[in-house]
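Same chain, two partners: chain A is paired with chain B first, then with chain C.
On to the complex of A and B.
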């Protein structure tokens, strides 16, 4: 409804809004956020959160850049970046599952570590990517659609399929709703936790690859600050911060909504602070709605076990 | 070069202060010392002018002589010169100065000076180079220089850093802070602690200013370069829209890097007769994806623009702009310049990119040498110009040092 309302208002306000080219602008602008938001959806549904996604984007992008500068083949650079992402997911999972550290705290810690390592990759400096075939992955269009959008669509489709049509998806919902009930039902809560963190690392790294190919440069601070925007998009899309509830469709709408808000304010020539205000109001409204629907932030999900560690393991 | 926090060494601190005080010298000492180290002729001079006798120096041999924009007697006479006055804990103006200024980095020798450097951050490419330059210069000159990171865009950390510096009590602090509104609070802390402070990047009244780049002049130079290219391509005033990628975090006057935007805007209006309606300033937070998206949205809202002349307050913003121009199919009818000669511009310039045409080299690789040399002069009691700039140069595909490619 919000998207439709904004669309109607913007069509009246700006003649440039309701144009195919502008929608492609929106799609390109949200593509990277979308990839990570997609994988953050099962993460939040499972009752966890991964705040290291942006740092993973940075370190994986730097990995790809560093490998490309060494004139290694593009597939090697991409695989290297994805492996780094998987390692990030692995480390997060170990900390959360084995050491029973709340995922919020664990991933804040690993985010700092990853960001620091990203800076060490090239002495803190960004890397201009010399491989044209790599840059071509993120720049330009195919069939008139910006290439990053294709990757985002595929990621949404894969994760959406898993969540909707597979046993794993059902287990993720079950674990997020009630780990204890899921355990009694024979679901391995640790396995689900391992899975969502590995997926988060992998797809965040993919987003880092797309980011660096789109920019033509790798930055140690790549993606910095984007984690909150990503979580905002997921929550606005109806995923409960408390776990157990949400959908990929909702996240797509959340991502698009935030993208359209930014795009609309740009088209109107309004300065950035108004965008921040709009995003903030929307997020607060979404969470307030969540609260009023009977779920409390202190009850389950991410905030569960802040004092005593998680219960999943 | 060390980093804070470091172990407190009260005895050495006291010793350093005593030696530093001796190093400031007095008139009697000056007569007994040799003249200031010989300097090579600065750019634009035909012969090295005579310098006034320097106060007593405990510094060692000359390591490097660096050119500045105060290169001859005429420029020296036009400049305001300053001297640190320990009694009033402030810089005072002086007419007793040499006929030119050349920063000369010397070995610390027996001076045991301790300096502090507070960079904007350790993230931005230019700063990474500059900070490394301080480390290299500190090692080469055997000078104790401690780095305190201001963590831009934090508005709290610069104040925290100022407190740390005061606690550290260096002989001179080189205070880099691009958030101009914080400078009064920062400088008042240094004045209260009686620590001579050199403002870097953003000037502050009453303090000597070491400008990494003369932002205003940089903006003007980039506009002149791009106008020449535009004219060469046969663009006329009515055909051109100017896109400026800035950021609201900067104070919008000539005391901050925003001065480059002011300078650029002035030149395109004066020399190319572009009207205000055709000059568009966009919010670019220096996050390349957002920068690119914001420019892409603007391009969508302005489909009738024919030729675009772009300028970003740094190379990263310009790269985001150029990416948006490319994605929108406007790269062929656009030209753009950046600032800093960072990795984001080196790549396009080395590849002779048809859109990203130019950047400005602030020589951050020598900021450390400049900064420590200036600090040595202050600690020694030498007069220095109130504004000191390394000679920044406009760089394009033809002039870029191929070793960078």
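On to the complex of A and C.
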């Protein structure tokens, strides 16, 4: 409903808003954030949070860039980047599962480390990517939609399917809802935690690959600052930071809503700081509305009405 | 109801357990029979919960053995006991509050679809819903039949009814209830206890730990009294309040041993 309201207002303000071309602009702008928001949804539902996603994008992008500069084949560079992502997930999971460190703290720590390493890879300089076939992966269109958007749709579909229709998804919800109840029911809480962190590392690295191929260069600061934007989108979409509740459908709406707001402000000619301000206001308003209306309606967030009945996996 | 009524299905023989210098359970023998409600009573620290936990696979005994249907078994985890059809209901709720009844009933034991879809772990939500609703109707449990209502939105009694319904659904051999009504009001308690009776009626061996002696006298076919880790009495008739209290606190220990 919030999307419809903004849509109507924007169509009046700018006739350009309500055009297919502009919707593709929105989609293109949120594509990379979307990939990570998709995988951050099961992360939050499981009761954990991963703040190292943006640093993983950076370090995996730099890995791909460094391998491509060595003239290694494109698949090797991509696999290398994804392995770095999985390693990030592995390290996070070890810290959270074995050392029982709160995931928020653990991933702030690994985010700093990964970002530092990303700067060391090429002495703090970005890497120009020479391989045209790599760059082509993130540019142009497939089946009429921009390639990054295509990847994002696939990632949302896969994660959405797992969360809603599979045993693994049901166990992620259960672990986030009550780790003790899940444990007593024979569900391995550590296994689920391992799984969500490995997935988070993997898909964040994938986002890093898409980001660098889109840009044609790898930047050590690639993705920097996006982690909060990503978590904001997931929470605006109704996923509970405390775990147990949320949905991919909600996250898609959250990502799109934040994208539309940014796009609208662009069309109105307002500069970037206003986007940050509006993002902040939306996040606080969404969660505050939710608190005031109580937890009894099942769903959370500004899309509660829309998501009624779609939330159960 | 069952032809098996009275048959010993779960046995503990010479069970002992110490925690450091404290003896929680001292050479206890117990026989639990199908179709009966066996009440386990005793003061705090008498060993009731330790005994139940050993039989449910949650605690390993220092000595003694457990037999299920006449065969000696080693219960390493609660999952081992569950595989033998033994379920435990706890006083604190072992349910996922954000999930609905169907999901909770099948928590950790979800039904997956047949064939390829099942190999990737695709849930058979339809089958789970159908079986869950059948179970709820069979037990006459007063909980919302609509799916999609999360457990956390229900009353404490309804939540415990879901936990009991889940136990009953999976319990083929025995169901242990450790203070199942501790968190409930009077009416809600009686609903849960009526369920216990019903489940025993279906041929399952029910073990009830309760401090509430009127409940015990009303429901139990057999009362086992523990004191300081030892079994001091097993009663099947003449179960009066006075007698139970005397046995539990051991005021007149000489007369109490039957």
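Definition applied: the second predicted complex is superposed on the first by the 288 of 313 C-alpha atoms of A that agree within 3 Å, B and C clash if a C-alpha of one lies under 4 Å from a C-alpha of the other, contacts with A are read in each partner's own complex, and residues count from 1 in each chain.
Going forward, contacts are C-beta pairs under 8 Å (C-beta built on N, C-alpha and C of every residue); 3 or more make two chains touch, one makes a residue touch a chain.
Every value quoted in this text rests on a predicted model; they were computed, and no experiment measured them.
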### Task
Using the touch definition from the top, say if A:227 reaches chain B (first), chain C (second), both or neither.
neither
### Query
A:215 contacts which: chain B (first), chain C (second), both, neither?
first
### Task
In the overlay, answer first, second, both or neither for which of chain B and chain C A:187 touches.
second
### Task
Based on the superposed arrangement, let me know which partner A:50 touches: chain B (first), chain C (second), both, or neither?
neither
### Message
In the overlaid three-chain picture, which partner chain does A:126 touch, first (chain B) or second (chain C), both, or neither?
### Response
first
### Task
Go through the superposed model and pick first if A:269 touches only chain B, second if only chain C, both, or neither.
first
### Message
Tell me which touches more residues of chain A here: chain C or chain B.
### Response
B
### Message
Quick one: is A:139 in contact with chain B, with chain C, with both, or with neither? Answer first, second, both or neither.
### Response
first
### Query
Where on chain C is chain A touching in the complex?
78-79, 82, 90, 93-100, 103, 107-110, 112, 120-123, 125, 147-150, 152-153
### Message
Which residues of chain A touch chain B once you look at their complex with the stated criterion?
### Response
14, 16, 19, 21-22, 25, 28-29, 32, 119, 123-130, 139-141, 146, 211, 214-217, 219-221, 224-225, 262-263, 266-267, 269, 271-273
### Message
Please output the residues of chain A touching chain C within their complex, sorted ascending.
### Response
165-168, 170-171, 173-174, 176-178, 180-182, 184-187, 240, 244-245, 295-296, 298, 309, 311-313
## Note on the structure
Interface with chain A, chain B side, in the complex: residues 122-123, 125, 128-129, 132, 248, 283, 285, 287-289, 292-294, 296-298, 300-301, 303, 316, 319-320, 323, 326-327, 342-344, 346-347
